[in-house]
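What follows is chain A paired twice: with chain B in the first complex and chain C in the second.
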Partner chain A sequence: MSRHLILDNPAVRRAGLLLTGMAVVVLAIMPIFVVERGQEGFVTNSLLFSFTQMFMMIAMASSWNLTGGFTGYVDFGHAVWFGIGAYGTGVFMTKVGLSFPVATAGGVVVAVLAALLIGSATLRLRGPYFSIAMLATFVAMREIIRIAKPLTDGGEGMTLPPYLNRPLFFYVTLILAVLVVTMTWWLRRTQFGSTLIAIREDEVGADMRGIDTTLHKITVFAISAAITGLVGGLWAYQNTFIDPDIVFVERRTLDIIIATILGGLGTVAGPVIGSVAFYWLRDLMWSHFLHYHLIVTGVLLITLVMWVPEGIVGSLSDRSGATPLGRLLHRDRGARPTTSPADDSDSDDTRGGES
Partner chain B sequence: MNQLLQALINGVMLGGFYAIMVLGFSIIWGVMGVINLAHGEIVMMGAYGAWILQENLGMDPIFSVVIIFPVMMVFGYVVQRVLINRVIERPHMIALLVTFGLSIVISNVVKLRYSGTPRSVEGSMRGYWDLGSVTVPKTKTAILVAALIVMFVLHLFLKHSRLGKSIRAASQNREAARIVGIEIGRVYAITFAIAIGLTALAGAMIAPTQAVYPFMGGPLTLRAFTITALSGLGSIPGALFGGLAVGVIEVMLATFVPRVGTNVGIVSSFVLLVIVLVVRPQGLFGGLKPRSPQ
Partner chain C sequence: MNGSALLEGRGVLKRFGGLCAVDKVDFQVNEGEIVGLIGPNGSGKTTLFNCITGVHEVDGGEILFKGEDITDDQPYQIARRGLARTFQVIRVYRDLTVEENLLLSRQWGEVPTIRSFTRADRSLHDKAAEIADFLLLGHHLYDKAGILSGGQRRLLELGMTLMPDPDLILLDEATSGINPTLIETIKDRIREMNGRGLTLMLVEHDIRFISDLCDRVIVLNYGKKMADGTPDEIKSDEAVLEAYFGDDGGSDDA
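The block that comes next holds the complex of A and B.
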């Protein structure tokens, strides 16, 4: 890897941070200028709505990055927490009759409990086994929601009390996105964050040095589920209608993964940059090539992981060299499929060919 | 009692389909260590192939496999050369993401071309054999028989042909196979082509038994993963018994657990998967792969 790439320059990084701060300030005052339908003006309610979706994507991509990027457990069913959060909020609001903030908190608690339960089984698996087990969790959860009809109204879906206030959702999601990104930045600098990286790079080694890897994995999994569950709850209230097929869509996980990889897996700025870029790219595709947009998305994913797996931030910075992502992205995996998922010998890291 | 027997028969029939469907997935995973998340989409392509041939040429699905198998082999060969060959040596996640992207592209291209409307394919074997208290569906019996034949042929091919031996060698020890002069890249490409051909063949065969639509593949990929993890990578008897076991369990649950119907199938596959992965990660049967390196 070459040295002195553009993002390694401290001045560039400071400028980037400053620009981000300014962007947040501009965004924060933007809703003041909102115009009603039919009036002239740039800031429309639908623009606020678009930004709300983008902030949600930033929060979810950053939370996915905690497990997928930092810890190295690539979750293919992350939208399951979104769905559980959405349904938790929906059930607490319509069946129990709680107010929205309390119901959302309830939804987050349900998501965290589910993450602890499911994670304690799936986090025992490694590599692709974990990824597929999470994909299966996602598909299974959609069916479970459908079967649990008395609670969730099954396939008919449930309608939440409508509440149309775009600026409110805009601010809530903006604050959420800022908090989540700040938290990942802070987490990355704590010992907890370093431990996650250690687990990604060499789980057996980390284990042998006395780190309780299981505890760390489950904790970060639960944090990640809580954030995405919260986004799900907000989304449910904003959308006012949820059913299994609009809440549990594979595309949502896909969007999160693509946004993170596009920006830079395992970096703090990556999910933010990736989400902003991917969100507007997707918006553009929706308005111009609606029928092709998923095909383009698929091609984008293939192109990215084949040729630029380190993403925008990763390819512009060598600081990612400080956190080698080789085990996930580059290194020859050596003795590969002989690894059994719960096997204790991590042959992913074995140098040389098949042993 | 009759209900139990009927459920068992239906389960075995479903298992026959799973067995033939899972073979290609199992071989690709066993030989080159790639988990093909576009597997279900290949099944879907095979089923669409049967539908297209029937619509345009009035061909029976049983005979259309003669066309579908070689065409899809070529498709598989190209996909392997362009995409898969470049990710085999890289970490698992890359191959997963690439095939995941491939599955999205395939299903949406098919949807764009043929719309999302579910299609039905008419098989020439219709109806049931009535055995007094139970009935046996003819089409599914044919699928089960075909599965057994395909497996037997595949077994002979892997065991006795020169190419089959190279495939087994490449899966057991890539470096050593390379040293003794096996062209790994070529062997992988041919293996992938055969596996894709087989998968599409399975898709064409099952086309008469279910609705054919662009997004039918997702659950099939998950079941293929479950069955393969259950039975061991690249194991032919494993695919058969794993397929039968999952088929019987799914039908039994759908028959005897009230209110849940067939939707529970995917949930039961998942629970089974996690149990098997945690308890016996190497699968229940041996496969192409030798067990743990030590």
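The block that comes next holds the complex of A and C.
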């Protein structure tokens, strides 16, 4: 079968895992070498801040990937959970006077409840209709937060008790990213995980095989909302100030979708690789092409979608026959049919011998 | 054979716009039987299957399975009652392995409890392996279904219907696009499954396949039931001969 592809080789996978583990260890000891402002050194507080943002992106992209990648429900309003998590944390801290951990937990609970409520309506829609409904949900939520002035202070925004400890946020988000990725890896291997893939590939078929698809969709949606809500809470506390326009930014959803697709939709490693690549790429664009970084980013994205539609991971694993880059990298495979179920009938036994 | 009615339809009616795809059809499938469902293209065979399995909401009549009314059940509820099916257009999950495909067909037993967040029980893995062997797919157990040939995918679909130990299996053109050797294999397997007490209902265009296997054949034409009897009776029925065998014997159906 398709063992000759780079990422389908167990040794390569093990090496990748080992490298990732080493990267995590290096990252974990990095804050020890942090230098104060004005001092010479590589590890600055702003570098820690950058990594913190990247870890958040990894966690959010992985959680978006659960619905968008595994289950096939492309959510254009995913940042709504980030916003609810952020505002939940903000309201519980400033209006109720709870401590940060309790307030964030509260924010996550609110995000999950909202996801159960909103998901049970929007998840009945499919394809672009679901995507648009979620975008609408996102925009509506921003206005609701603005209007709910007694609770959220509306457009004036809210100031959280300041807590400026860069290494702490660095560690918390690092651990969160590692946990979330490990969880998606585990989830993919469980019965729940394969059910999600089944829903993506053929929801009606899954239904006829006895699977309550709605229940599965809502469950994964809530898990996804919980993770992103938690990130939102952390972000709010780190930023110490939230208002509807800096919390509910369309760009945030877009970024994690781009990162996931760049890395490989529906794969465990995809959101991680994609987030790392996209985060630093964007950073590079900002610092070198400040005035036209969006144009450069745009051209880059179009190129990616045309050449690597299955993402970095997808192009290196056994689905690569379908992508231009994949074909380029693995010419020996030729154009193996990967799609049509009607490619059928010829020689039933020839392939059997290969495995 | 000739046990009590396992599946029963009374005046099943399904309209698509002005077209009556299934026109007040009465039918019965008894425990232990293999019943064939034949008819020219567009005669409503697959539509009837879709009505039984809850894919289509019927516009009239009722469907009973094991004596219980399943007319308004959701597809997944009907499947859980022990009624499994295959599809005219193959529906296996290409991104899942053969084993995962098989396990999937009875994961509903664990959902929505916390156990669905674990891997399936050892006994289920064993069962999946056993079924894969039974259908000559044992050596592909850990391969993605996407690499299987068309015929192997048909066998896998058959295996997926076996996983939940159903009482009745509906096979929708299990032999279309399959080479003759494999058709014989499928035939053997169906006989063996029937020998173990499983009831089957088949939509099929291959008349030899039907007459070899079936105890009874139901003929549909323009959505109406036009005959119901043993294969021999059907073969000598003038009206059936004209409607069915006089028509082209293609393989497409609504």
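Rule of thumb we're sticking to: the second predicted complex is superposed on the first by the 308 of 355 C-alpha atoms of A that agree within 3 Å, B and C clash if a C-alpha of one lies under 4 Å from a C-alpha of the other, contacts with A are read in each partner's own complex, and residues count from 1 in each chain.
As a convention for this text, contacts are C-beta pairs under 8 Å (C-beta built on N, C-alpha and C of every residue); 3 or more make two chains touch, one makes a residue touch a chain.
Keep in mind it's a predicted model, so treat the numbers as computed, not measured.
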| item | value |
| --- | --- |
| Partner chain(s) touched by A:207 [first = chain B, second = chain C, both, neither] | second |
| Which of chain B and chain C A:216 touches, first, second, both or neither | second |
| Partner chain in contact with A:295 - chain B first, chain C second, else both or neither | first |
| Touched partner set for A:139, first chain B, second chain C, both or neither | first |
| Contacts of A:305 with chain B and chain C, given as first, second, both or neither | first |
| First (chain B), second (chain C), both or neither touched by A:14 | neither |
| Larger contact residue set on chain A - chain B or chain C | B |
| Chain B versus chain C as contact partner of A:76, first or second or both or neither | first |
| Contacts on chain A seen with chain B and repeated with chain C across the two complexes | 338, 341-343, 345, 347-348, 355 |
| Chain C contact footprint on chain A (complex, rising order) | 1-2, 187, 189-192, 194-195, 197-198, 200-202, 204-213, 215-216, 219, 266, 318-319, 338, 341-348, 351-352, 355 |
| In the complex, chain A residues that touch chain B | 74, 76, 121-122, 124-125, 127-129, 131-133, 135-137, 139-140, 143-144, 146-147, 250, 254, 257, 261, 291-292, 294-295, 297-302, 305-306, 309, 326-333, 335-338, 340-343, 345, 347-348, 353-355 |
| Partner chain A, residues of chain B touching it in the complex | 29-30, 33, 35, 83, 86-87, 89-94, 96-98, 100-105, 108-109, 112, 173-176, 218-219, 222, 225-226, 229, 233, 259-260, 263-264, 266-267, 269-271, 273-274, 277-278, 281-282, 289-294 |
| Partner chain A, residues of chain C touching it in the complex | 53-55, 74-76, 78-80, 84-85, 87, 89-91, 93-96, 100, 103-108, 110-112, 115-120, 139-140, 143-144, 146-153, 160, 164, 177-179, 181-182 |
